[in-house]
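Shared chain: subunit A. Partners: subunit B in the first complex, subunit C in the second.
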Partner chain A sequence: MNKLNLTSILFRLLQKDLLIAYRKTSSYLTPLIFFLVVLTFFPLAIGSDSSFLNRIAPGTLWIAALLSSLLAVESLFNEDFNDGTLDQLFISNQPIFLLIIVKVFSHWMITGSPILLASMIGVIFFDLPTSSIFTLLVSLILGTLILSFLSAFGGALSLGKGAILSAIIVLPFSIPVLLLGTAATNAAIQEIEYSSYLFFLGAMLFIVMPFISIATAEALRINSD
Partner chain B sequence: MTSFNKVKDWFISMGSPPFLYKWIMKYLPFMISLSLLLVFISLSWGLFFAPTDYKQGDAYRIIYIHVPSAILSQSIFILMAITGGICLIWRAKVAGMLLRSAAPIGASFTLMALISGAIWGKPTWGTWWVWDARLTSTLILFFIYAAIVGIYSSIEDKTKGDRAAALLSLVGVSMIPIIKKSVDWWQTLHQPSTFTLTQAPSMSPEMYLPLLANVLGFYFLFIALLFLRLRTELALREQRKNWFKQNILGD
Partner chain C sequence: MLEVNNLNCFRSNESILSDLSFSLDKGEVLEIIGTNGSGKTTLLRTLLGLIKESQGEIKWNGNLVTRENQILTSESFYQGHSLALKGRLTVIENIYLSAHPLNFETDKLMESLERVNLLNKKDVLVSELSVGQKKRVSIAKWLLTDARLYLIDEPFSALDDQGHKAVEDLIKELINRGCSFLLTGHRKSNEEYGAFHLD
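Moving on to the complex of A and B:
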């Protein structure tokens, strides 16, 4: 067996996860459809007055993104846990938190990035000004990445227990993301300075990424003992 | 150095369930009576003898329940994070049991702080609830407590459940400052805070001293409750061990 260096291991892990997702359409389609369905329900439930929709749009988009990233968490570790891939990762003698960062990133590419596309439909649904699209996208990229890491932690801690427990764990921690994300989008819609929110979100991502992936590794180790 | 070693030895011996059980049983009656006495004295001091507030009248007296529970809700979380660290690093079984016993008490105190705050808010602010930064972050603290209780009660393997709860309380304690900061900042951004929970700093000693006594009393109440729960937890987990059968059940 030829020896692989760390970079190629990480790359192969990413490749494997993306390939599995590519062959299983539901893995990237369900979060997308879920996001759109939740978006549709807000105007139906609260009212479809245009100026009112404009006001609730950021909150709605962010809550929908939060819920669909929570829903998607089950596919992150459960399959790997059931078929033994997770054990292989643990005995691979590689820095486990790096493997987890790669896994979360591939999971984000599968379930988070379709939401970015769907949020463009949200822009049409809620009649948002085109000037706010850039902020919405950047804040969603940063925010859904943070949410992916948080929900990976929740999913690892509640491995094999279902999404509702992991939602209870993750939701309190995702409040800063929700506040910053809606504030950034709101500011962009009202055409006031928004960059500080994006900086905060970016800072949070780089705080959360190493710490939560270490905690996720520990949680997986607890649950797969 | 010798006294330090003595403390260290005592601390390590606390990690042994038989020793801890005996120690708890020795001090439990004392702790319960002391805490009940303290709470009784300081509550009646605050509720009946402290002077009436010139602005809020007698309604302010709920402070003697509200503030101690709010302080405890945060102290207990810090205690849980410390025991969580001990549980994860040294795999101490007793630390996990302590964490498990403290979590529901902490959740109850948080709930008590929220409910007493709502009751206090009605006469003074005219509403049960406002989305004030402090109220919101206390509510979030309650959710995190609930998550910790949720995670350990859903995992059947006790040791695994302990470690999962320990990990969650460690992550929780490091996330709480971020959450608190963001909620503070969210409130100041959207609407100027009309109400603050903080009292005027110039509180008279006749009101302040009973409050301090109450805080102390509630701390002792927490310790007594913790002893009770820890004893039950120890008995539940160690019921099949020899020391328990021989010394406690007398088989």
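Moving on to the complex of A and C:
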């Protein structure tokens, strides 16, 4: 019997997580609805002052994205822990940090990518200039990916415990992402140089991805013991 | 083949397994028998390196097993008390997308499902199956690996007579291929199997 190669194993893991999420609508609808509710209620509560909405838009969009991504933290590893899948991953003889990167990426596709699409509704609600859409999207792609990795770490540290603990762990680490993402979007709205913020977010992602994945693997190993 | 010497395992500074020694040869079945909480599952998980707080010597084919060299996990198949099945996936999807990487022809998969009497349920969501049927899904994977050692936690629990016989037949077939089994249970299930009492 031939052994599966690593690419096939990673692809199957991605396929499995996406298929489960597709059949469990709450996994992607809950963060999406929460994000949309926040975006809708802010303009309703504040009024239609376009310049004021413009000023608060980046912060509102980013806080909504941050809180939405936290909603799904618990589902990242707890189900695998409870049904024995986590043990199987650990004894699969595959590089665990790569399996975690794939799991986080699938988690981002399920919870982060709907937020990207919904943020376009935010552009309309907050009357943002079309020139800022590109920056908003790129910063959200990078930022939500970083938040997903941080959430994975929080989820691993609080394995088998409540989501609140994960949120408490993740929130302080997510402040730089929130500041950089908001600053990039603000700069794009004001039509000033924004690329440095995006580069910073990109650099953060490439640092966070391997280190957090290794730390997450170790935290999972300790907590699933 | 598998040699365990003076294995100790702790949890929160409490000893779960104390100075445990046994060996298992090629083509043998050894049942670890004990009451609830006696450490049967802990023993299987310790052998696989899933429990950190352990001491002792584990050898596989004469080579010392460490967490790093993975020589035991690469040649073993573990079926825990939790079956690692996803309720939102069908029987076939659960096997095809198993966390334990399996590579097999479709014919072989169908044959395995037939052996555990689940061929007619292959496209049913696992959440719609009974506990015994879920167990059979997991058992269907046995023929789809090239493992040499099977570590199976309570293989006969939740199975009816037909399921019990299917498992015994599978064990017999895999033993004839040179595989070995380390099973856990509350009582001896077959007089031909070796037994080791934890209590």
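Assorted remarks:
Note that in this section the second predicted complex is superposed on the first by the 218 of 225 C-alpha atoms of A that agree within 3 Å, B and C clash if a C-alpha of one lies under 4 Å from a C-alpha of the other, contacts with A are read in each partner's own complex, and residues count from 1 in each chain.
Following the convention adopted for this analysis, contacts are C-beta pairs under 8 Å (C-beta built on N, C-alpha and C of every residue); 3 or more make two chains touch, one makes a residue touch a chain.
Treat the numbers as computed from the prediction; the structure is a model and nothing was measured.
In the superposition on chain A, A:Lys24 makes contact with subunit C only, while subunit B stays out of contact range. Of the two partner chains, subunit B is the only one that A:Phe173 touches; subunit C does not reach it. Contact with subunit B, but none with subunit C, is seen for A:Phe153 once the two complexes are overlaid on the shared chain.
Judged by the touch definition given at the top, the superposed model places A:Ser131 against neither subunit B nor subunit C.
In the superposed pair of complexes, A:Gln190 makes contact with neither subunit B nor subunit C. In the superposition on chain A, contact is made by A:Ile222 with both subunit B and subunit C.
In the superposition on chain A, contact of A:Leu89 is made with subunit C only, not with subunit B. On subunit A, the surface patch touched by subunit B in one complex and by subunit C in the other comprises residues 222, 225. Contact residues of subunit C toward subunit A in the complex are 45, 48-53, 70, 73-74, 76, 78, 80-86, 88-89, 93, 96-104, 144-146. Within the complex formed with subunit B, the residues of subunit A that make contact are 153, 157-158, 161, 165, 168-169, 171-173, 175-176, 179-180, 183, 204, 207, 211-212, 215, 218-219, 222-223, 225. Only residues 88, 140, 143-144, 146-147, 150-151, 154-155, 160, 163-164, 167-168, 170-172, 174-175, 178-179, 181-183, 185-186, 189 of subunit B touch subunit A when the two sit together in their complex.
Listing the residues of subunit A that touch subunit C in their complex gives 1-4, 8-9, 12-13, 15-16, 19-20, 23-24, 82-85, 87-94, 221-222, 224-225.
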